[in-house]
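Going by the order they are written in, the chains are A, B, C, D and E; count residues from 1 in each one.
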Amino acid sequence: MLKKISIKKINDLAAALMEKGTLLAPVKEAAGHNFAEIKDPQQLDLDYYNTIVSPKTVFLPQKEDFVRYETAKPVAEAQPVALNIKATFLFGVRPCDAKSFQIMDIHFHASGIIDPYWQQRRDATVIFGSAFDLDIPAQDADFYQTLGIGAADPEGSDVFMVKKGEDLLMKAITPQGEEILARLAMLGEGKPADKKYFEEYIKKGSQHQTRNMCLDPQVIAKKLEDIFHSGEFWQAQSAACLSCGICTFVCPTCYCFDICDDTLFSRGVRRRVWDACMFTDFTLEASGHNPRTHVYQRLRQKVCHKYSFHVRKYGVISCVGCGRCTRYCPVNIDIYSIIQDAMKA
Amino acid sequence: MTDFKQIENNLKKEAKKLLESAEVPVVLAYTRGYDEKHPMPFAAKSVADVEKIVFNEYCNFNMARYIMRFPDAAKIAIAAKAADSRALVVLIQEEKVRREDLVILGIPASGMKDPKTDQLIDSRTTGGLYNPVEYDILLGEEIRGQKTVSPYAVLADYEAMDKEARWAFWKGQLDKCIRCYACRKACPMCYCDPCFIDQNKPRWADKAPQSPGNMMYHLTRFHHLAGRCIDCGECSRACPVGIPLYLFHKKVAKECEEMFGQAAGMKLEDKPVLVDFRVEDSDQILK
Amino acid sequence: MSRIGVFVCHCGHNISQTVRVSELAHFAAGLPDVVVAKDYRFMCSTPGQDMIANDIREHRLDRVIVTACSPLMHEHTFRKVIEKAGLNQYLLTIVNIREQVSWVTDDIEEGTAKAKALLNGAVYRARLLAPLSSRVIDVNSDVMVVGGGIAGIQAALELANTGKKVYLVEKNSTIGGHMAQFDKTFPTLDCSACILTPKMDAVLQHPNITLLTYCEVSEVKGYVGNFDITVRQKARYVNHDKCNACLACTEKCPGKGISGWDEGLIKRKAIHIPFPQAVPQRPVIDRDSCTYFLKGKCRLCEKVCEQKAIDFEQHDSFLNFKVGAVIVATGYDLMDTRPLIQYGYGKYPGVYHALEVERLFNSAGPTSGKVTMRDGKEPQAIAILHCVGSRDKNNYEHCSRVCCMYSLKFAHLFREKTSADVYQLYIDIRAAGKGYEEFYNRIIEEDVKFIRGKGTRVAPSADEPQRLIVEAEDTITGKFVRLPVDMVVLSPAMVPRSDYKEIARLFNLSTDKNGFFMERHPKLAPLATMSEGIFIAGVCQSPKDIPDTVAQANGAAAEALTIVSRQKMELEATTAMVNPASCCGCQNCVRVCPYGAPFFNEQKGVSEINEALCKGCGLCASVCPSSAIIARHFTNEQVLAEMEGLMEF
Amino acid sequence: MSQAITPYLEMSQAIMEAGGEALKKCYQCGTCSGTCPWTPITHFNIRKLVRYGQLGFDGIEEFMWGCSTCKFCVDRCPRGVEIIDIVTAIRNVYSGGGMLPQSLRAFVGSLAARGNPWSGDQAKRNDWAGQKYPLYAPEMEYLFWTCCTVCYDPRNVRIAKTTAALLNETGISWGLPAAEVNCCGESVRKVGDLDLFARLKQKNLDYFQSRNVAKMITVSPHCLATFNKEYGEDYSVVHFTQLLDKKIKEGKIKPKKDFGGIVVTYHDPCYLGRHSGVYDAPRNVLKAIPGLKLMEMERSREQSMCCGGGGGGLWMEKLKGERLSDLRIEEALATGATVLATACPYCITMFEDSVRTLNVDDKITVRDVTELLLESMEINIDESVGDVCATD
Amino acid sequence: MSFEPKILGIACNWCTYTGADLAGTTRLHYPQNLRVVRVMCSSRINPSFIFRAFQLGADGVLVGGCHPGDCHYNTGNLYARRRLAVTKKILEFAGLEPERFRVEWISASEGNKFAQVVTEFTAQIKELGPQQKLKIDELLEKI
């Protein structure tokens, strides 16, 4: 089913969703937009290109408390932190990010080991995908087309939205999408013209130009294995890298984390926090040995994990070409250029 | 406005001369990134590399932080804008590199732009200098007659705030921090590896990106940069969530200059203020 | 997990009057890791100590907390107690609930609450205490004395007489220093040579003293008890073993050089000994005035020398010595008075400075003791000017202490050896030593004219061109005075040797603004310095007369003995160490440490700390940006934990 | 009456509050009195003056006027006592309320009424220039500050003209101060009338601020020293000899006429030498003149002997035999010089006076450095002397 | 009952701590809100200790050291003076009440000065009220 709503009335939609659960949407901040809980309907706005930090924060928050304890008491008395998850609406997810959830699902439940935190949040969330505006050319950092993702690719979203002049067309893709659209009274019915417009928009989306090269996962995976030991290649690529943690923190498909115990006044909590393979002490072992002390080793690991090891293990590249790592890198290292150079090396 | 093309050509000319004569094994400069507006730091090691050197209004990177990447290079040539040269002076004062091991290619530049906003970088947010304080070869005409505003003028309205408003401002800003440590890695003066915040013995703060950890990390870093920060603004530009760190560093630099009479990285013979003392420092600075 | 024992003391009723001690012990028992918590009336008493010792063994305690009086009182006692019970003495924390709780409040609620907080902090800290053992290093029993003046000679003899081996290093070709230049000494008018040469000779004969003349210290490495000092032996061009001091060579030598010993008043041969009683009595060739070195021919001395002791091929050699302690006694020079143009020194021949006059009086001097001026005539009237450059903000603010007394001595000698009228232009006569005031009265009776007013100008007399006019204001009468005199004697300021900066750098000494070496404490440790094992004596520390210099020399010898008399030396345990894994080589620690304990290891690119020099103040630990320095017993974790414990309740 | 005197400490407190707090640093060593050129020839004794000030003894009045503030004692004092400030403070405390000596009343009165010490008509300040030179305007680089003495004193007017002529040769842009300005106030300050000095100074400051003056050239070293020390930091003030020295080195000014080997000796004015540290500039100017043989006097540069004109001395009557300028002339003659050159209008006045009283004007003439330089550049000036005295 | 501030004191062993003991032996009374940590020298105080103290909930921090020139380690307190001055300026600019962090030079013989400083400082902090800014609170949510 296809529904429609005038963009001017978008705040009513927000209000309605807020009654049904927590609404998360891109909110304006100093340096750009980030997903945050909408507290008042006016906050919802649609003119953003994409968020700084990817929406993975919704399902894998940077800090997740597992269990609370007291040093004086025995371990058995430690209390797990209750995870009371309400129904959530993730509004305004770009196609590349929507696709990234499918890749992340591989690690958090598809491979057999279910991560309860990720899974409960994933199940409780309805994803409102939103197409890129095809009149605006893609930003030069993006390259999602290379990964086979269209600018208006509904895959991964429960409801997919396309702007048509003053209106917003919303089409349900998955049963949850159907179910929620049905419950939203203020939405008008989509006319056949809207349906046709919607279909064409999606087709046009897949032609929308971003940086593009034909990239067969198996080929790039093999190529990266071949040049894995070419120190000279990787040193050249990582010469400028500062080895900070931006590219991994903003990336929708990076999921590495660290477990640590924070104690204060003999009471504490065990929690999960994001970690970054680019940090120098990410691979520091208890013995003091650190297999990856040089920057080029860490950069090589990051690129090869996404474009080689992940393909070998799960058959799909762990990157959706959203371009965030390139856009926010302080020294403008660009993973797309690295892959290009790798293919040529 | 600075003629970037002319400087680029001079930079290439000098780099070629230095690399051909093997006076230096590496020239730290800039190269084209994935597009015109996003250049990258670059270490030219051969005459062939010289072709890749580029210089435009987006080359804000402070190349001084790459000096320590070449410990075995007897001599290093480095393209240095005003703030970069001050960073080199501090590194020399702290004996991380010797003056005679550097060939400093001074670049007088104004009208630099921030690639994220594509706007001119407001000189008030940086050290306000246009000409390098220390150089061997100058790649362009010294810039004269620029209206020099005190680099600390931009602090006026923050200092005027009352402390509750200032606390709300800084707590709001520092709570946004996602602890990616880009500010630390972008700073030429922050060369400690591991940094105090990475230590487990002692654990100065928890790893989670919430107020206490962020506050301890940033306040201590402000202290570690006291009298050493050369006001290049790289930390604020590197921050993905746009925290105006340069403001706090500027305030600490202003206090240090007033209390100890010395700006960071201006004179080679100065000693960094917090590893020095004067018997006649007045006790008033503690009141 | 640690097993902590808490012992609360009543201290009679000093503590129990405002702290409920039993409640405190009960509170302690409830804290994590505390296995035993007791209170007793007198913890420091023998039964109290035994209780702790027994509990350590019985409950296998690995930490002990004593909640009693100030650590400054009994920390040492309780450390010995737990050590005897087999527990490392540093696994102890004292909680001060007497001086800082019970005695400073009379509200028992407040007192008990604070005691609990302090105890809780101590428990947090105790968990992180680590056993420490103080390192023991062996000590070299030899001593080096730098500077062969009276201070160096006296210190060397004192040490040698206790059986210690002493290396006496002297820059000049003879020992004796300035004292050997004098004729008489005040106040006893003893002949300077008569009281000094026996000591010089004793130094030469003493089996334990190795005399190193014409030598300079070129490098100092190591630390207290283990100094490794390199000395440069300047080439003498005379082989002192073969030479039997017949001094035939000195007669034949045509070379003419300005005699530094005689303050430039006369010339001396290129190959020479400074004065007859020089020790060692062996000549030295001065390159700058030897015709062979200047023009390439002569070598007369070589021909004349039967012993074949002359050796023109000699060149500087370096000797290396291992010593346990060093006494620096490098003495002084007189300020160069040429810049004070108003006195005309160097411009008018009649103007002399004190050391030149000393040489005039000396029988071995240029005029064999006869007081004749540069033009050979005997002066009829002499003016002695005090405080030239001393007590003067524009030159040296300090008072040089001895000029008044030697000026009086000069007055006496002038009155005795010539018939001249003697004027003394002074501001204050400072005669404060033993027998000094009596000496001053004696000089007054010898009809010396005292004018209370600083000499302000020396100029050639208009009507008698040969004579000089000294201008001053006699502040007692308020009259402007013009003294027609033949000779003017200046008493210049006493200043450290011109190479004091080099000596200070070598031995890591700091100096005051005039260049005198800084003592560790002006009143309580005047001979020790900030560098452990380095001592100073004599005028190099500040201007003083011979009796004080000798007293200081003996003191420095005694202090040096405190180190070299022991084979082993126990180093403090609470020193700092660098964790190389975390050190980023910023060298902040090396820059700030007043004792020079941290040093930079070039190869590894990290700093290391010489624990023999470290005093444990912890400054380096706080300036270390990556907290790589562990200040033992006050580590970052321990302080943070104690703060956390204190703030919990 | 009994010879015993009790210290009157309120008086020494007053002296200290008036700027003489260095009083307490002095330990009466006699260096100042031994150095002071006045001690040998008069009963004035600077040490005794400070002593009386320390304990507030009475009888201080009769010898507090002997000092000509030549700063020789201050340079030599081993305790760094600012003796001139003490003398100024004592004169301020004791001479308050018109107790000035007779000879000084006229000059102080004229300053109060007309802003110049020579009872010259305020409006006629620039008459010497005869409208030849422009008044200072903000776009000009230098303000040429003419001292009252060169505006009104007949002998010294010549120096204003020679300097102005030379300034024109240098090609710099400069202008004269408007007539509304008044004396820099140096002498009246040293005579102790601090409030009058403050009024004079404020008037000048207002003038400077209104024209935003930045750089100044002075004729008199007294103006130079006062502007540098008392008028705040935001003015860069140079003496004309410094400017001429620079211009000669730049080749902008080229002396031509050969003086045929006449022997000249140079007298360092205290306020140019000791007060302002300028010793070599005037000498370089003289050496630049061809055929001029420069002989140094025995007391020269830092040891130069005062001409006696400072600190109000210009207006005081001195007994014969008690005049420093006489001794200085004799010293100049002793060098065999026929010309005594100097660079201060006060010195010129004192020496012209002494040359006449010793009637040696045939043996030696007194010339300002600018007069000699102008003469060697063969430029002449109009010698007429307008009547500039006030009529009312 | 009225607000009882928790004040952290960091005292140098040779001067201020001994001075505090002297205040005890001379039975001078002062409020008991101060809890003292003994360090060997005021220069041992790392600026991060001060930030951590406020995070632990200290309402006021009082640092005591020897008078400049009296330091047992010669130059320790001269470095400390500069480092603590910068710390104070950082806290002030961050927005913390400057009066909450105070540095005093108290020698071993100034027992009365120690008592007087503690009394005055405690009163000042009591008037300022509890310090909620830097204090860590999320961790303490009731289980």
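Just so we're on the same page, a residue touches a chain if its C-beta (ideal position, glycine included) is under 8 Å from a C-beta of that chain, and two chains touch if they have at least 3 such contacts.
No experiment lies behind these values; they were computed from the predicted model shown.
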{"item": "Contact-richer chain pair (by C-beta pairs counted) among B-E and B-C", "value": "B-E"}
{"item": "Closest chain to global C-alpha mean, per-chain Cα centroids", "value": "B"}
{"item": "Most remote chain, CA-based centroid, reference being chain E", "value": "D"}
{"item": "Chain located farthest away, centre of chain B as origin (C-alpha)", "value": "D"}
{"item": "Rounded Å distance between chain A and chain E, as computed from the means of their C-alpha atoms", "value": "48"}
{"item": "Between chain B and chain C, centroid-to-centroid distance (C-alpha), Å", "value": "45"}
{"item": "Distance from the mean Cα position of chain D to that of chain A, given in whole angstrom", "value": "84"}
{"item": "Inter-centroid spacing, chain B versus chain A (mean Cα positions, whole Å)", "value": "32"}
{"item": "Interface hub residues of chain A, defined as touching at least two other chains", "value": "262, 264-265"}
{"item": "Contacts with 2+ other chains: residues of chain C", "value": "592, 623, 627, 636, 640, 644, 647"}
{"item": "Residues of chain B defined as touching chain C within the complex", "value": "71, 94-96, 191-196, 199, 201-202, 204, 224, 271, 274-276"}
{"item": "Of all residues in chain B, those that touch chain E in their complex", "value": "158-159, 163-171, 196, 204, 210-212, 215-216, 219-220, 222-223, 226-227, 248, 251-252, 255-256, 259-260, 273-279, 281, 283, 285-286"}
{"item": "Chain A contact footprint on chain B (complex, rising order)", "value": "33-35, 38-43, 61, 65, 115-116, 176, 178-182, 184-186, 193-194, 198, 206-210, 234, 237-243"}
{"item": "Partner chain B, residues of chain A touching it in the complex", "value": "29-32, 34, 52-53, 62-63, 140-141, 239-240, 242-246, 249-250, 258, 260, 262, 271, 273, 276, 279-281, 326, 328, 330-334, 336-337"}
{"item": "In the complex, chain C residues that touch chain B", "value": "582, 584-588, 591-592, 605, 623, 625-627, 635-637, 640"}
